[in-house]
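Structures follow.
Next come two complexes built around chain A: one with chain B, the other with chain C.
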Partner chain A sequence: MAVPAFWATPFSYTELLAVTDVATAIAGIHTALIALGWTDDSGVGTGPWKTPARSDGAFFKIALTRTSATRLSFMMYDQAGINVSAGTAYCMDVEAAGNPFQIFAGTMHLALNSARPAQHESAWFSMMDQTPEPLTFPQAYYRMYSGPRVGSSFYNYGWNFTYCLYPGGTAYQQRQVAPLRMPGTTSTWQRRTVALTSLFSPAEFADSGNTPPMFLGRIPQAIVVDDTTGIVAGAEVIVPIDAGVNATFKVLGLASYYQQRLAFRKS
Partner chain B sequence: MSTLTCFGSSYYYKEYLIASGDVADAIVNVRTELLTRNNPAWTEPSGGLFKSPVDAAGRFCDVLLTRIDQQTLEMRVRNQLGATVCTRRWQAGTSPWYLRVFSGQFHLHLEAWSAGGYAHLSAGLFDQSPDAQGAHPLYVYGGGLLSNVNANDGYSNVSRCFMADYNGGYADRVAAYMTGSNSNMCLYHMNGAKIYRPVEMYAYVSSTTMRIAGRKYQYVLCTADLWYGTQIQVPIDNVSGTFMVTCLPTAFGARCAIRIA
Partner chain C sequence: MVPRFLSTGFKYVEIPAFTDVQQVIDAAVALVTSPTDPSSGWTRFTLDGNGYYCSPITSLLVPQFKFKLTRSTQYRLTLQCRGANDVTLAPTNPNCSLQIPANPCSARVFAGDGQFCIDITTYTTNGETVWCGSLDQTPDVINFPGINTAWCMGSRRDSDFARQYSTWSYVTLQQGDDQAIMQELTDMHRVSGGGNGPARNLSGSLIYWPRELFAKVRGDTGVYGVGHWIGRSWQIILVPDTGMVPGSKFYCPIDAGVLGQFYSLVGLTTAYGRIPAIRIG
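== the complex of A and B ==
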């Protein structure tokens, strides 16, 4: 076997220190995306930015708007041009006094983390990896996190709370989907062995609202971690992803969801 | 990557006609499988007591097969410490029936296919990788359709087996691929393709906390629309394995299949 496809997509990690104006974040995101082969529709660094086309032609776009110096607004569009969040402009804030801002970019994903001291604000967008199934069937599949805020209202939903388009559907829905290996609601099935070795799983999801639940795919370069081990936002974990290959993942600031947190690859 | 350790152990499969309808003949055939066909072979320290090959980490289990009466076979499973994991039975009826023996250095699964239905008895060790084998002591499991008083109590199925863990040998859950509030495992891709997964078992380490104990050797989870006895081809690396769907009762929309080739 080789490294699975979802660990093999190009990716990068950028941390901007003391961001006081989201224009700085947009410029940093632009630099990161262009370096990975995304294209800037505006040609002048204002986006929208389009992912490299997958082998089946699938792509998505991200539009970023500086609502104010401290507020970054974003929209996601699928390859058909449909607004994934049905027109809702989610946004994230930075401190007026500045805070670190992390950019996890890839050819099939983008995750952002504004490390505000009191509460991180995070967002992620992705085209899901569905290997080993063919890419073109039934459809490219996109997900976008429903948060962290709309205007001044801060939601910090569970990170499984997303927009997605289901097979046969014609419009994106705001749905909660379950990560595989999810602990039950009455018992704790920890992502650890009896010998206390942590289990870091690919960020795989199933449609828990359907019976049988269907496998929806994976966020490339992302894992789910068990925070009963004390892992918090910003923590970094080193995970073997193949024989002799270690990867470093950093935990986003999204709220814990049934003892689970989402982390993206840093190196 | 290489083949998962749980698919790297020995495996054998054979079906026998028990024309006499007497479980004594089943014990004879199981003896032939474990002592003669298996390599590495099991041993028989005393009559009907079979001990699995001891691996490099010193792990093993043993099973005691006892003829209770013509149609009733009992299997007691003990762990490496000599503690009884479970004592389970089947009743195969008195008419001729078929015995199916799935065996290997780390697993033994017996099935009785009779006019009255299907029954099973099971025992084995878990693959504990990537932890070192033997990294924790909860690696022996057992099961069987009926209790030691011939009650079909539902404690042995795809999601339940017996272990000498915190829960005192009560059934545990194969929970690795549950999806939160949904009661079914995720074994279908959104395009309808079937997904096969290793059988990972959790153990209770307290009254409310379960952690992963390991994977059953040479088992896969499969969808419940595959009937008992169905043979399926599953890619397990750059090769495919042939697995047969067992008669372990369905749970959470899943069945189990064991490798036969």
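== the complex of A and C ==
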């Protein structure tokens, strides 16, 4: 057995302590991305940053803007240059007095978490893992979280609120997509075994709007955790991802969805 | 590495043109008691003093189950199932029978370390099935106290042979120490909000899943408690009910470069957009 492809991509984790100016966060993100082989279009550390090309040439770009000392704005572009959030500049805040800021970077994903004491603010961007499908068919598939805020308006969306280009679609749409591996509709189910061992699963999605629904792919280096077990934003869980191989994942601040939270790989 | 639930012994036989369920019982007994064959991984069942055929204990990770077949009439057959603890599942509310028509029909019998199934493949409109087995709960602790892994179900109710709960998602399980209950299991591979899981990927390939199930058997709260993952069936997978005809023989990759061969069942109706299939090769 081997570590699954979606947990085998290069990744890194960086925590910046007491960030009071998002310029510090941008510099940290730049350092993390360049170390993973991303390229900085500006050449001077201001981006946009472009992922390493996948074996079929697919990539995406992230643009980051310091709107103010406490507000970081971002945009995502797919390999065709299309703005994934249809022109909406989402952003996230840090405390004026400073707060920890976590950067989960990888060759196919980027997740950010501003650990504000009252409410974490998080965002994620990804090219989805579709293995074992051939890479070039039908297309690379991208996702961007719809949040956490537009200007001063904070949206505590569930982590499955995303922008994505649906099969057959011509423009990215804001859609609530369906995570997989969930048994029911109510709180009478837990992601636990009968022996009460917690179940963690890949962060994978289906397009439930189609009949029959289609499998859309997985976020690399991410898992879904059950928050009925008391897991909260910032919590870390150690999960076996192969025989004798453990990985540590950290829960983002995105709202729970059907008792599930999203966590990214830390180590 | 082939997953554990697809690594156990198995065998199957086809029974053409029979008119009495005794012929099916005889063939099933012959199948499960056929000599152990290490080269194929097959290990024979044994008969206990109560008339139950006991699955072989080939590994501590494969819980034992026991079954007994009874001919009620020429056309009606009933299966009873026990776990290793000899508690008979659903003795007072059984739904574990099948019926055949007066005209000749055919059947497939599947057996293995963790599963047994009779699938009547020709009938007027529906097939008929009885099946039972144990569950793979690895890598969790085995035989969690109070949880027995044996299960069984069939197309018809034993008392009057009315067709009832004939979808694959209904089974009888033991709840706690002393109850055997019939309940609807939930396929683990659904989507949040209760929708069916995906049938195909973006390129149109069919997606097959283990028969991994949630059930309310712990009794933590309420009558049946909170639902938990109870395990996966041995050598059984779920396939989409669109794009897969019941009774199909097909291949499924079960590891890098390894194909398993399966038959989709005829006698159990669809649930969650899936029908079950059992390994034959």
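Criterion: the second predicted complex is superposed on the first by the 262 of 267 C-alpha atoms of A that agree within 3 Å, B and C clash if a C-alpha of one lies under 4 Å from a C-alpha of the other, contacts with A are read in each partner's own complex, and residues count from 1 in each chain.
FYI, a contact is a pair of C-beta atoms (placed from the backbone, for glycine too) under 8 Å apart; a residue touches a chain by one contact, two chains touch by 3 or more.
Just so it is clear, the structure is predicted and the values come from calculations on it, not from any experiment.
Asks: When the two structures are superposed on chain A, do chain B and chain C clash or fit side by side?
Replies: After superposition on chain A, chain B vs chain C: clash.
Asks: Applying the touch criterion given at the start, work out whether A:Leu216 contacts chain B, chain C, both or neither, answering first, second, both or neither.
Replies: In the superposition, A:Leu216 contacts both chain B and chain C.
Asks: Looking at the overlay, what does A:Ala8 touch: chain B (first), chain C (second), both, or neither?
Replies: Once the two structures are laid over each other on A, A:Ala8 reaches no partner at all.
Asks: After the superposition on A, what does A:Gln260 contact: first (chain B), second (chain C), both or neither?
Replies: second
Asks: So, does A:Leu180 touch the first partner chain B, the second partner chain C, both, or neither?
Replies: After superposing on A, A:Leu180 lies in contact with both chain B and chain C.
Asks: Does the superposition put A:Asp242 against chain B (first), chain C (second), both, or neither?
Replies: In the superposition, A:Asp242 contacts chain B only.
Asks: Which chain A residues come up in both lists, the one for chain B and the one for chain C?
Replies: In the superposed arrangement, which is not itself an observed complex, chain A uses residues 1, 130, 133, 137-138, 141, 167, 178-185, 188-197, 199, 206-208, 212-217, 240, 258 for both chain B and chain C.
Asks: For a test of understanding, state which residues of chain A touch chain B in their complex under the given definition.
Replies: Touching chain B: residues 1-3, 130, 133, 137-138, 141, 166-167, 178-185, 187-197, 199, 206-217, 240, 242-243, 258 of chain A.
Asks: Enumerate the contact residues on chain C facing chain A in the complex.
Replies: The contact residues of chain C facing chain A are 1, 137, 139-141, 144, 147, 186-203, 205, 207, 214, 216-218, 222, 226-231, 240, 242-243, 273.
Asks: Which residues of chain B touch chain A in their complex?
Replies: Its residues touching chain A are 1-2, 128, 130-131, 135-136, 138, 173, 175-191, 193, 195, 202-203, 205, 208-214, 223, 237-238, 253.
Asks: Any idea which chain A residues touch chain C in the complex?
Replies: Chain A residues touching chain C: 1, 130, 133-134, 137-139, 141, 160, 167, 178-185, 188-197, 199, 206-208, 212-217, 240, 257-258, 260.
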